[in-house]
Amino acid sequence: MNVSSKERPSTQTRVLSYAGALLETMDSALADHPNVFIMGQGVDDFKGIFGSTTGLAQKYGAQRVFDVPLMEEGMTGVAIGAALVGDYPITTHIRADFSFLAMNQIVNLASKYRYMFGGIMSCPMLIRLVVGRSWGQGAQHSQSPQATFAHYPGLTVVMPSTSQAIVDMYPQIIVRHPGPVVSIEHRLLYNLDFSVSAGTPAKPIPLTSYVAREGRDVTVVATSVMVLEALRAAQYVAEKAGIEVEVIDLNSISHPDWELVIGSIRKTGRLVIADTSWLEYGVAGEVCRQVMMRDPAMLRQAPAMLGMAAAPCPTAKSLEDIYYPSQHETVEAILTQVCGSRHGIELPVERSMTEGYKRFRGPF
Amino acid sequence: MNVSSKERPSTQTRVLSYAGALLETMDSALADHPNVFIMGQGVDDFKGIFGSTTGLAQKYGAQRVFDVPLMEEGMTGVAIGAALVGDYPITTHIRADFSFLAMNQIVNLASKYRYMFGGIMSCPMLIRLVVGRSWGQGAQHSQSPQATFAHYPGLTVVMPSTSQAIVDMYPQIIVRHPGPVVSIEHRLLYNLDFSVSAGTPAKPIPLTSYVAREGRDVTVVATSVMVLEALRAAQYVAEKAGIEVEVIDLNSISHPDWELVIGSIRKTGRLVIADTSWLEYGVAGEVCRQVMMRDPAMLRQAPAMLGMAAAPCPTAKSLEDIYYPSQHETVEAILTQVCGSRHGIELPVERSMTEGYKRFRGPF
Amino acid sequence: MDSDERYRRLFRTALTIRLVEERIIELYPSDRIQSPVHLSIGQEAVAVGVCDALNVDDLVFATYRSHGFYIAKGGSLPKMFAELYGRVGGVSKGKAGSMHLSAPEVGLMGSSAVVASSIPHAVGAALSFKRRGSSRVAVAVFGDGATEEGVYHESLNFAALMKVPVLFLCEDNGLAVHSFKNARQSYNLLEHAKTFGIEARRLDEGWDMLAIRQATLDALSVVRAGRPFVLEIATGRYKEHVGVGDDFHFGYRNATDIDAWKARDPLLLDEKLVAELKPEIDREIAAAAEFAETSPFPGRDELLTDII
Amino acid sequence: MDSDERYRRLFRTALTIRLVEERIIELYPSDRIQSPVHLSIGQEAVAVGVCDALNVDDLVFATYRSHGFYIAKGGSLPKMFAELYGRVGGVSKGKAGSMHLSAPEVGLMGSSAVVASSIPHAVGAALSFKRRGSSRVAVAVFGDGATEEGVYHESLNFAALMKVPVLFLCEDNGLAVHSFKNARQSYNLLEHAKTFGIEARRLDEGWDMLAIRQATLDALSVVRAGRPFVLEIATGRYKEHVGVGDDFHFGYRNATDIDAWKARDPLLLDEKLVAELKPEIDREIAAAAEFAETSPFPGRDELLTDII
């Protein structure tokens, strides 16, 4: 796998894995802000949430980085209480699915605290959720609840898709963002290497959507790992058919840059939506709503949508492979949008998206 | 308030409040099916979940209808366990907001049980959630989580909007439906009287969408109490301007009859969506997605959308009144769709929707 | 300090709570207060005794039944009335209402209407205090019913493990809405807490403000030393669960259950002191209600502010 | 029954579990099993002793670490291997995998990979049994870590209140992933359970199948009489939390922690019996793996079935 990302203004780049980017931002958050602390099951162990917190407990001490019992609801409540008195808590869930145990604290408390009390209190904090995928995660370790959380006003929901997104966004969030942020990180990204700007980029990735690749023929609005899928597909169709795909990383699910998205769709007139969750009542619906509210005629034809099949996630690999959209399907969706269903262009054979990620050795 | 509902084929009708319809269906479920039991905080007290379970504990005994401690997650887990061995549990949450405490059991367990185990087990059960509104319910007693639950495959999510819907649907659900059902009941409906068919209706309300009022000029797709708002508005614009509104009660949020919805929109070419929750990542998005997937050109213009303002629910009445769409806004949305924004037709003055419901004395 | 003066001070606060809530009862039919109210009439002594033992910068995290704690912790009456009236002059510009009173400037943090949900908040605040080496404490106030929720268990365990300065204060009125405690709980709260290594004590004299104050001070000496404490105080809810009425006529409980409490209630017994203090308090309440009355309703400009 | 024969029966089941998991370890690098596996090697005696004391129609609700309970409860080996291989011939057509094994026909209900989440299921099944006047019981199997979750508290309270025939079985391996119990728990499990009025017992000899069987029978006599019981059995997890490797080299724990367990492990000590039983069990395993190997992969027709 070798995908090209948006060109960065800064000339100097370095290679940084997603986990490495997380570790860097966690580290500098702790170094720069004495009120930051990290808590979660296993944050202080040798695996350190897939390498994103490894060594930090040793470096900053058990008062700043600590393991907690199994207590998702309680932990989130503890974080809120600490935030209310000026700390900045970072909590982790090694699978996003476990955040449902903290749903009450996240939705009924954290998201509402500021508004409910008329602005006199707030609980800024970062809640990190990891979405599982591949290797038989099954129905309870694979969910991607961005639409669920983004439905509730007061929450900021982001899905960083690259190391650059982590490096750029987390410092904007930690301590600086006024409210609670749910960041949904994708497990498949953790071990990938990305090239990131060596210094501070001229245009850091904002807490909203951005163009990940420019193009004129079709717009792909994607989230998280599907951004990478979209970029891979864009490269493929560029090489095979000279089609120029514009890839927009929605990036912030709660606060997308809809004008950017709509501007692109107006330009290309064609749309593919690629999300990590179910299509029903998900991101695809919200994108469609934003288009329709402005002008249903903006699109020349019905958009294509890629997401999980409408079932819980099966464990068997043969089912998992068809449960998620493959490169094959992503490329097919793009080609069909641009050239119609009888496009006649050869499709990639890759059967399982995760194969691509396993083979991937970066950097690019 | 006096709204006309869909004509029923049966000639005989009787008057039945929403709470009364619930009580009747709970009663006959207990009478007809020895494996049914009802548990929830206060189900056996003199208030009986706003009159929907009153007297049943006395009638069927504490083994069939019983109070539980404060334990939403635990109670839902208990219900799943009982369902797995052949009981049919009905659980209640006097505010839908409290179901977030049971989110893990509902989403990670109940919704997935059948699929995750390859069809060899299932946990049919009914989870009743009451949505609060008006009289300062505030941010934590007013949420309407249909989009949240409907995002997860395996759950059936319904929002009965009338007594007839209760009387028709609950017997189809209880014991007969193979999986877990989340039914979202609206508190404002409880005290309203509706006319229901006296015997078994020729065409009972199905576990999917249905036409609540036929019309040719504009389609209103509505949920729960917004169906009543839509019917009131339809009557108003029919009288004031001879406009014929087609009102579709989405009714099942997880399994709408999209062909019915789309058929109506194709016919009228105009669309208003009226939901009880936030528009962002909500029902409106999914309706838009269904339209766009088929044909973005189906609509002559951008649809109108009515829902809660994009904030937690404020307590002050002056804010609550503008937080929810009023009759004024509902009528305005319909008129603007049909006649454009300079329609010049007089709007109803009603400032707060809840006034209508207080004044309402039925039957109709 | 003169113990008589202390008693007067506590009594005055308790009477203020009682009179404020009685004023609420009178006002309620006028629809000036359009939100659910959970009255603490009968339970005033708990808030008063506990808060008097606290410093201003100690934090209280409470529930929908918090008029008492709001007043006892020192919250402003005009802001409270304006909040109940849904006016801009309210603590939270009317967005909070009765169920979500707060007064962070005097240490009452946001009250939650989801039972038990603010218990871990107190633990979290205490955790911060501990890390900063502060001598402040946090108090989680909750009802007997709240201890049934799983988060109570998680909070006790975490607080004991981390040795944070938190006081778990259970207002045991024996009821959750209309359910009696024995129908809901198989455990004894003190024994239960002790298995977490948490010291625990019950005070049956929930009418006795001075005893509650002293019990709180005793508990706080443990808490300030960095050990959580569970203090359970028996008390009586005179009114219906929510709303301004009595509820004995519904037959689920007997008036006699509460008569025992009334027979010890200083606000009922000490008529002389009531007579002496009432006029001034009444004037304060009238002024507060007057302030509320004249404060504007929040308008559309407030609907979408303070969200993130 | 001849106690020697009983020992052989239990031993054989335990050895089957061990050999099955050792086979999984061997197979794992071949990628035939493409899902996380949580091995119970070292913990077999618990499943074996407990299940032997149960009737076939007694129900067990377990966790992601349930190969042992699946086999001990009498689940079919070919269906298990096919399930692990993600094949149609598996218990759940491959949709479940290792983390969600079940065998309802012999009383193993669905295993959940969300810690503690199946505990209330056992309580609910027991509630049904009670209402029907059945003598069946339900067993909630969970690890020490699971008791930290709030739902454990809710489940104990409810079970004790309703007096349902449920056995809470805690497999105490002292670890939750890589965290030691003393870093996670401030309570003693037995003392804690007793405050709910629940009888509780700990067995330190988690290698002793017969002792576990007897302790379970003793507990079941209480449970069948309609009183929940907490049985905590100390045991040792030999392997890493998830996956097929050892984990001593990571340094978070010492091999010596486990050596004490190994020194008592009958499957290691009784070499003679192992030698005698192994060949037949190996044949069964080979046949099961063979069945799995030849069972087809589920195809697109299975993707969207059995959802509602």
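For reference, chains read A, B, C and D in written order, and residue numbers begin at 1 within each chain.
Just so it is clear, a contact is a pair of C-beta atoms (placed from the backbone, for glycine too) under 8 Å apart; a residue touches a chain by one contact, two chains touch by 3 or more.
It should be emphasised that the depicted structure is a prediction, and the values quoted were computed from it without experimental measurement.
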Relative to chain D, chain with the most remote C-alpha centre: C
Centre distance in Å when chain A and chain D are each reduced to the mean of their C-alpha atoms: 36
Approximate Å spacing (C-alpha centroids) for the pair chain A, chain B: 32
Averaged-CA centre spacing for the pair chain D and chain C, given as whole angstrom: 46
Residue numbers of chain B (touch at least two other chains): 68-69, 71, 73-74, 97-98, 101, 104, 108, 115-116, 138-140, 153-154, 310-312, 314
In chain D, residues with contacts to at least two other chains: 90, 93-96, 100, 112, 114, 148-151, 154, 157, 161, 183-185, 307
Pairwise touch network: line, ring, star, complete, or other: complete
Chain D to chain A touching residues, read off their complex: 34-36, 86-87, 90, 93-100, 112-116, 145-146, 148-150, 176-179, 183-185, 250-252, 297-300, 302-304, 307
Contact footprint of chain C on chain A as seen in their complex: 37, 63, 68-69, 71, 73-87, 89, 104-105, 108-109, 113-121, 153-154, 156, 177-179
Complex contacts: residues of chain D adjacent to chain C: 148-154, 156-157, 160-161, 183-188, 191-192, 194-198
Parts of chain A lying in touch with chain D, wherever the complex brings them together: 41-42, 45-47, 67-74, 97-98, 101, 135-141, 309-312, 314-319, 322-323
Complex interface listing, chain A residues touching chain B: 73, 97-98, 100-101, 103-104, 107-108, 111-112, 115-116, 138-140, 143, 147-148, 150-154, 254, 277-286, 288-289, 291-299, 301-303, 305, 310-312, 314
